[in-house]
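In structure tokens below, several structures.
Here come two complexes built around chain A, the first alongside chain B, the second alongside chain C.
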Partner chain A sequence: MDSTTEALINLGLPLLLLVATYFTGSMVERRHYLSIRARELETRQLPAITFRTPPRRWEISDSGLVSGSVVISVDYFKRFLAGLRQFVGGRVKSYETILDRARREAVLRLKAEAAAAGYAAVINVRLETARMANGRSGNGIAGLEVLAYGTGIKLRHGAP
Partner chain B sequence: MIHSNTETVPGKEIVQFYGVVSGSTVRAKHIGRDIMASLKNIVGGELKGYTELLQEARNDALVRMTEQAESLGANAVVNVRFSTSSIAQGAAELFAYGTAVRVE
Partner chain C sequence: MKFDPTLPDDGANVSATHPLREAATLIVGIAIAAVVVFVVLTAAVELLLPHISPALEARIFSRPEVVSAIVPDIQESRDSRTAEVARLLDRLAGHWPDNPHSLRVAIIDDETPNAYAFPGGLVAVTTGLLAEVASDNELAFVLAHEVGHFRNRDHLRGLGRGLAFALVVGVFGIGGSAGAAELAGAAGLLAAAGFSRDQESAADGFGLALVQAEYGHVGGAVKFFERLPKPDNAIEREIEGYLSTHPLSAERIDAMWALMRERGWPSDGPLLPLAAGLAAPTPGE
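Now for the complex of A and B:
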């Protein structure tokens, strides 16, 4: 009797978590992508470019550093999928979307900060990714941090 | 104090170089935030507590870098770079560096 309940807890709990996080994780991801796409459309007018020097025709009146960052976590289901992937190798799609979401979110926050400060464009945008290790074990992923930073630019003639 | 991550301050001219300035801070995670984060690690999504923590820390690093530049008599720091490294379990170093200059 005792061993069956033990087995039920040992097997049932991870299984329950897998099923639950499959639904919550995909819901979180779908919503995030919707909001990313909407905000990317909204901020089309504010270009964030990776050029080191601005186009020569821009008449720059002011500049300053802007940044945006996000720490995003990997859900239980995605981690399980990635664990399975390690046996056969190949694309770990579940992690690819996490990184994609984090990078795009960081750039959007950079744009939001630039817009709030009144900048018309951001040049020399750089992206940096750092992995935050899990506190206890030290080898798991607690989260991925993506930082986007660049130089905000104000123009004499308004929009670029 | 003007900050820029390009080699020059756009629209201005560099008249003097003062050399490399840097600022860093080492932060450990807060236990309450850690518990919240480990819950979030099951569900997925943004770890807002960590985002804020790292942002604050990075601002501190920038402030320290700025102080150093000010003490040299600079009025701008160009080519600012950031770097993050986990130096121990649950602790991260945030580092900002750049070149102190005088612009006109």
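Now for the complex of A and C:
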């Protein structure tokens, strides 16, 4: 392979990847947000609140741990943007949507688990974030995990 | 307390900036910064050049570890051709009275016809070039052209620019991904090639003068350039013109004709055959 072809491949491949992953990433994100918003609307009657103790008038009949977690990955284009951002500093805007989606998805899964177990509400909801490293070197991000957990409670009088 | 369901705020945690807009801002900004740093560094090289005497240069580049770090993996071909090329080079350099360099010759095993001037007075020619030249005069012009690079100190300038370029790509390449470094690399190569075109023409002029002094005419010099094989397709030709170390552009050939007319150097004359040791190499050394 001569140097010209090599230069074209070295240049063209990352460019092609950037363009392709911009479109796939945008599509995946748009769909995810549509789904998130629809489910948030569906589950809005099940409260997931951060209070450590339930409101006094609630008469609790049962309780248990509920959790929801999601692992979500950044695409090549977002990583490229974050890499540039890393150079000059400032808000890493390309990762903001990733974390936003992950948090909301985790809460939605927590609500789904709570609803499946028959809980009427979840209190003391907490969020944890973990980075899953790529390979042994620990460089690069394979994915971000967001875990939402809390205490599901059943009420004697039904809905809160 | 009454439970009043509300939907999560849909955007407080996400910036409104469009990703493409952010990409454009960052790429343009960082590219401008990289170019500015490169320009400043090359200006610093120009300031530094007059302070590096040929004696100091020779001292630095006589160290084998320095040479091996700078000269890219030379596959030296050692046979009778090295001595013949050196003999011709010495004859030509003899017409440059205050030549401060002691010039050496290396033959690189590479089929692409090319020649290089490396710091420390090393003139390297490829086996492809030796296969391509048809007369003493043609080879003489290529060698004289490289001697011209030494006179104009292009070899040090090129090294300085190369270092500046490597530094910029290294530093700015860390921030971006490999793709960003590649992009920066291509842009920088274009810029570096743009700089060197004037240097090539200046070396052409000096090379022609040496050839004229040696043979009394400059026959063979331009013809050799015009005869060299051209890249096959348009894209390759385009890139070749920008990226090759010795762009054989039409402007360069035109500039040589203009100079020959101006100085009254005859463009035709008897061409001497190649020395026997060059035409049929015998293994040696």
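Here is the rule we use: the second predicted complex is superposed on the first by the 158 of 160 C-alpha atoms of A that agree within 3 Å, B and C clash if a C-alpha of one lies under 4 Å from a C-alpha of the other, contacts with A are read in each partner's own complex, and residues count from 1 in each chain.
The rule we apply is simple: a contact is a pair of C-beta atoms (placed from the backbone, for glycine too) under 8 Å apart; a residue touches a chain by one contact, two chains touch by 3 or more.
It should be emphasised that the depicted structure is a prediction, and the values quoted were computed from it without experimental measurement.
Once the two complexes are laid over each other on the shared chain, residue contacts for A:Thr151 go to chain B alone; chain C is not touched. By the touch criterion stated above, A:Arg91 is placed in contact with chain C alone, chain B being left untouched. Once the two complexes are laid over each other on the shared chain, residue contacts for A:Ala117 go to neither chain B nor chain C. In the superposition on chain A, contact is made by A:Leu17 with both chain B and chain C.
Once the two complexes are overlaid on the shared chain, A:Leu34 sits clear of chain B and of chain C alike.
According to the touch criterion, the shared surface of chain A, contacted by chain B in one complex and chain C in the other, consists of residues 17, 77-78. Of all residues in chain C, only 1, 3, 5-8, 10, 13-15, 17, 19-20, 22-23, 26-27, 29-30, 172, 174-180, 182-183, 186, 236, 239-240, 243 touch chain A in the complex they form. Residue ranges of chain B in contact with chain A, taken from their complex: 2-7, 9-11, 29, 34, 37-38, 40-48, 50-51, 54-55, 58, 62, 80-86, 89-90, 92. Contact residues on chain A toward chain C in their complex (touch as defined above): 3-4, 7, 10-11, 14-15, 17-18, 22, 26, 37, 40-41, 44-45, 47, 55, 57, 77-81, 83-88, 91, 93-94, 96-97, 99-100, 103-104, 121, 160.
Of all residues in chain A, only 17, 21, 24-25, 28-29, 32, 52-54, 59-65, 67, 69-78, 105, 123-124, 126, 128, 130-133, 135-136, 138, 142-143, 145, 147, 149-151, 153 touch chain B in the complex they form.
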